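Each of the next two complexes has chain A plus one more chain, namely chain B in the first and chain C in the second.
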Partner chain A sequence: MKVLIAEDSDSDRLILSALVRRLGHDVFEARDGIEAVALYAQLQPDIVLLDALMPRMDGMEAARQIKALAGERLVPLIFLSSLSDASELARCLEAGGDDFLVKPYNRVILEAKINAFNRMRSMHQVLSDQRDQIRRQNESLVEEQELARRVFDNVAHTGCLNADNISYHASPMSVFNGDVLFAADRPGGGTLIFLGDFIGHGLPAAIGAMPVAEIFYGMATKGFGAADILREINRKLCRILPVGMFCCGAMVEADFKIGQLRAWNGGLPDGWLVRANGERVAIPSRHLPLGVQNTEQFSASMTVLPAAPGDQVIIMTDGFPESSNRQGQQFGEAGVRKVLEQLQPGEAPFHALMTRIRQFTDKPEATDDITLCVLTIIHQEQHQAQNDRLTESALAGPVDWHCVYEVREQTLADFNPLPLLLHICMEVPGLRRKSGEVYTLLSELYNNALEHGVLQLPSEWKASPDGFGHYYQERKRRLSQTRGHYIRFSLGHQPTETGGRLQVVCEDSGPGFDFERYFEKVSDTGLPSGPKYAGRGLAMLRRMARQLRVHGCGNHVEIVYDWEAVDGNDRAQPGHNETQRIADD
Partner chain B sequence: MTDKPHLDEEALAELQDVMDDEFDVLIQTYLADSRTRLDSLWQTLNAGDADGFAKSAHSFKGSCVNIGAPCLGALCMEAEQLGKAGKLEAAPAVVKAIEAEFSEVSARLTTFGDVS
Partner chain C sequence: MPIEARRSDDGQTLTIRVEGRFDFSTHQAFRDAYEHSDPAINRYVVDLSDTTYLDSSALGMLLLLRDHAGGDSARISVENCNSDVRRILAISNFEQLFNIR
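Coming up: the complex of A and B.
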């Protein structure tokens, strides 16, 4: 060890140096405080022995300066003093000294003190080294997480979370808290939102989030419904997550066109539908979380609620009700309910909840592990328009083709053929831009054929809140009796000079119904609320299709849909690039 | 007051062991040091500098107890306390006693070195 001795008395310094040297240490000598500080800066000794009274700079001041120079390093400072009154010794320690050594020097005590401080010093060094190592590891962990988040963001892009009718709070690093929030426009109009909360934190939670994002966005754009997506997510998570790890989640599927909300909650706190008139409907968890039950046991049955423009759907992870205040009390689901009860007319639930949670936790910024999302139901017209921006695939595809696809018997209850049919149509180059309209055409035809044709459900039922529930119960019951039934789609496409013509024929095995009169009757009922689904559906089909023909008794509908390709900037761009490249060569 | 011995022979023997070849150097250093301290005591006393007087006495005391001259150390402490209390009027007698004790100690130290 390097020991610095600062002592102005030559004889005392001689004695002490000899004693310390005998203990096997390297000794450096200073005759006053200034020399001591300079030697310290130059040599960084491990222990400093310092006389309190010295000319030029006394030991107290030297001690302060040496401690300042040492920074985080622990340098034991032992004051040397001839026995004086206790208060003077105490002052030495207050000045930063760690101990004192009283004259006459005692060899045994000196050795014991030096050894004790050396132990302390090396312990401090070990602790500092470990702390530095932890700090470095933490820094690299944060770096890695940020990198991983960028990758995750590319997979789980924000979708349509930035839409005007969606408000949400989520920490930028929320995926490492296990929270995920996705939103996508449905091809046929409407919005799909998934909020998930993986058990656990850090990398395992984030890794589970990746496939969920892929499944959600992949299936949503292909036109799959919420239930299908939930089943697929559950199947995937069951396979990849270790036992004991799972994902609480909620899926909200809003169809603005027919004014309908379908919700699924597996293990998250109550979601809420807050109607424009202030009425509140809870959306409690009715299912086990995702990744727990195998495919056979898993239920993706959705709660169906009528919803009108201005209604708001709220979903959150348990971090929200579990936020605690300084006294350690939790905000609680009761707190959420209270905020919603006390909403003023026109007050946004999202804003009210976030304001209240900040007040409650007394933190200006909400904590990291809460995720809250509010979707406002809007008019379908508001929602369209943004769907026309998809880029075209550069690959050539089929433009002249015909196919027939028939769904029958039990499959009518078990399988939704729309994603498949949409997929076939989307293979036509340029038609993807119209995926929203094509999906709407197909789903209108299919839903009419299934619900009114095969199942013979009267659409009037859906116009009242009571009938609404009855309608879906009855739908479920009748779906179990589809023996002998079928729905047949005949699709054909031909190119035209400016785009293409898609012909869709939908036939079903039902007894048929008078399409036109049926719809008129419903739309004439003039109920103040309710979606007036059928009437609007037909008007929309009429507007989009060039031709709509109902054959026979109403179980054979034919639509001709003409579409125009756009000669936009997208196509001019490659040519421009090519020119550029030639110029560079 | 002077019940303490002029030299602590046990302590000196230990120092001899520790210092080995340098023992003589130590003794010479101590003696030279002490003469400077003694001068400093007279100077501060004549200048009426009680604080400086106390500090000189304090340092002198330290080296005396280290070298093994307990009686001289005790006299220095007496001087230190007078300085701290600002009672310099009583100090000349103590400094004279220190002077006398120091010549005693120097004589004995020189002999001690020769004997050993």
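Coming up: the complex of A and C.
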């Protein structure tokens, strides 16, 4: 060990140096405070023995300077003193000394003190090394998290979270708090939002979030409904998460066209539908969280609520009501309810909630742990216009192609081919913007072919609420008898000068139906009287497609759909439509 | 001791009492309470009369106990919850998995 001795009396210095040397240490000598400080800076000794009274610079000042030079390093300073006045000795310690040694020196005490301070010094060293190691590890962890977050952002992206009618608050690192928030436009029109909260923090939560993002975005763009997506997320999480880990979540599916909201809440605090007139409807948790129950037991049944433009849907993670103020009180679900009760007409619930929670917690960082999302119901046209603003991918895709896809036998009952067919069509650059219409075309054709063609269910049954139930019971029963049946889609696309032409032929193995009479009925009487439960399908097809032809006995329908790549809301004009029946094809 | 396990006189019921906060800090003790228990035990009671707080990781621990006790065939009752604790169990719809009294 290197020991620095600062002592102005030559004889005292000599005695002490000899003593310390004999204990096996390297000794460096200084005659006053200035020399001591200079030697310290040069040699970085491990222990300093310092006389209190010295010429030029006394021990007190030297002690202060040496401590300043040492910084975080622990350098034991032991004052040498012939003083026996208690207050003098105390002053030495106040100046930064760690102990004192009273002259004349006792070899045994000196040795014990040097050893004691050496132990302290090495303990300090171990602690600082460990602290530095932890600090370095923490830095690299933060760096890794930042990187991981960027990977996650690429998988989860923001979907349509930046749409004008969505407001949300989520910490950029929220995935490491276990919170995830996704939003996607539904191909059939409308918006789908998922808010999830994994129990636990850090890496396990973030890893669980990845497949959820993939499933949500993958299935949403292919046209799957909220219930299907929830079932798939639950199935996946059950498989990958250990017992005891799960994800609380809420799914909101808004259909702007028919003004309907479908909601599912499994383990999150109450969600709210705040209507334009101020009325509030709670969306409480009615289900177990995702990843707890196996597929057979899992319930994806959604609560259905009517919703009109201007209505707002609010969902949040428990971080919001569990935010606490400086006194340790929680904001609580009652706090949320109170903010919503006190909303002024025209006041946005999102801003009201965020303002109130910031006031309540009085800590800017308190909002790091909360995720809040508010969706405003808008008119379908407005939503369409928003989507048209989206920039198209510059990537080229297939524009000139044809394919045939046939579903038959038991598969008719087990499999829904619409997401797959829509996916093929959406590969055409620019057509994705029209995904809602294309999905409607495909699903109307398919449902007609399946229900009226293959299963021969009369749509008249759906004219009464009782018949409606019967219709669906019968549908289920007949689906188990699909032997020898098929539905065949022939899809083709060609580019045109302004966009493209999609041709869809749908054939089925059913006996067909009297098409002419059907159209007479619809077009002559205009709107039928009484509640209308059915018969809208073909009328809708007629309105959207440029051409609708029915071949043969009615089990072979052909549609030509023209679309334009230029921006704007103009859709296929109804005036151009033709409906033909070609008797023998 | 925040976690205390006691076997009934007939040796078939294990009662686990959780005192104070039931959260991640009690994870190991809670697991120890049932993991090495007698195989004769076929019924579990989680007594929360002295539990002041329960968080989502406690929900996870309850699921672990349920798994240990036979999953869907597990006989577990969660008893004497205060209103805050009951509320958390209700939000997560745990009454579908546990007998909550």
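Quick notes on this structure:
Going forward, the second predicted complex is superposed on the first by the 395 of 585 C-alpha atoms of A that agree within 3 Å, B and C clash if a C-alpha of one lies under 4 Å from a C-alpha of the other, contacts with A are read in each partner's own complex, and residues count from 1 in each chain.
Just so we're on the same page, a contact is a pair of C-beta atoms (placed from the backbone, for glycine too) under 8 Å apart; a residue touches a chain by one contact, two chains touch by 3 or more.
These numbers were taken from a predicted model, which means no experiment stands behind them.
Aligning the shared chain A places chain B and chain C next to each other free of steric conflict. When both complexes are overlaid on chain A, the residue A:129 reaches neither chain B nor chain C. In the superposed model, A:164 lies in contact with neither chain B nor chain C. Once the two complexes are overlaid on the shared chain, A:143 sits clear of chain B and of chain C alike.
By the touch criterion defined above, A:94 lies against neither chain B nor chain C after alignment on the C-alpha atoms of chain A.
When the two structures are aligned on the shared chain, A:400 is found in touch with neither chain B nor chain C.
Applying the stated contact rule after C-alpha superposition, one finds that A:292 touches chain C and leaves chain B untouched. When the two structures are aligned on the shared chain, A:564 is found in touch with neither chain B nor chain C. In the superposition on chain A, A:26 makes contact with neither chain B nor chain C.
Minimum Cα separation between chain B and chain C in the superposed model: 58 Å. Common to the chain B and chain C interfaces on chain A is no residue. For chain A in complex with chain B, the residues that touch the partner chain are 8-12, 14-15, 18-19, 22, 51, 53, 80-84, 103-105, 107. Against chain A, the residues of chain C that register as touching in their complex are 56-57, 59-61, 63-64, 67, 90-94, 96-97. The touching residues of chain A, counted against chain C in their complex, run 199-200, 243-246, 248, 266-269, 285-289, 292, 318.
Put simply, chain B touches chain A in their complex at residues 11, 14-15, 18-20, 22, 25-26, 29-30, 32-33, 55, 58-59, 61-63, 65-68, 73.
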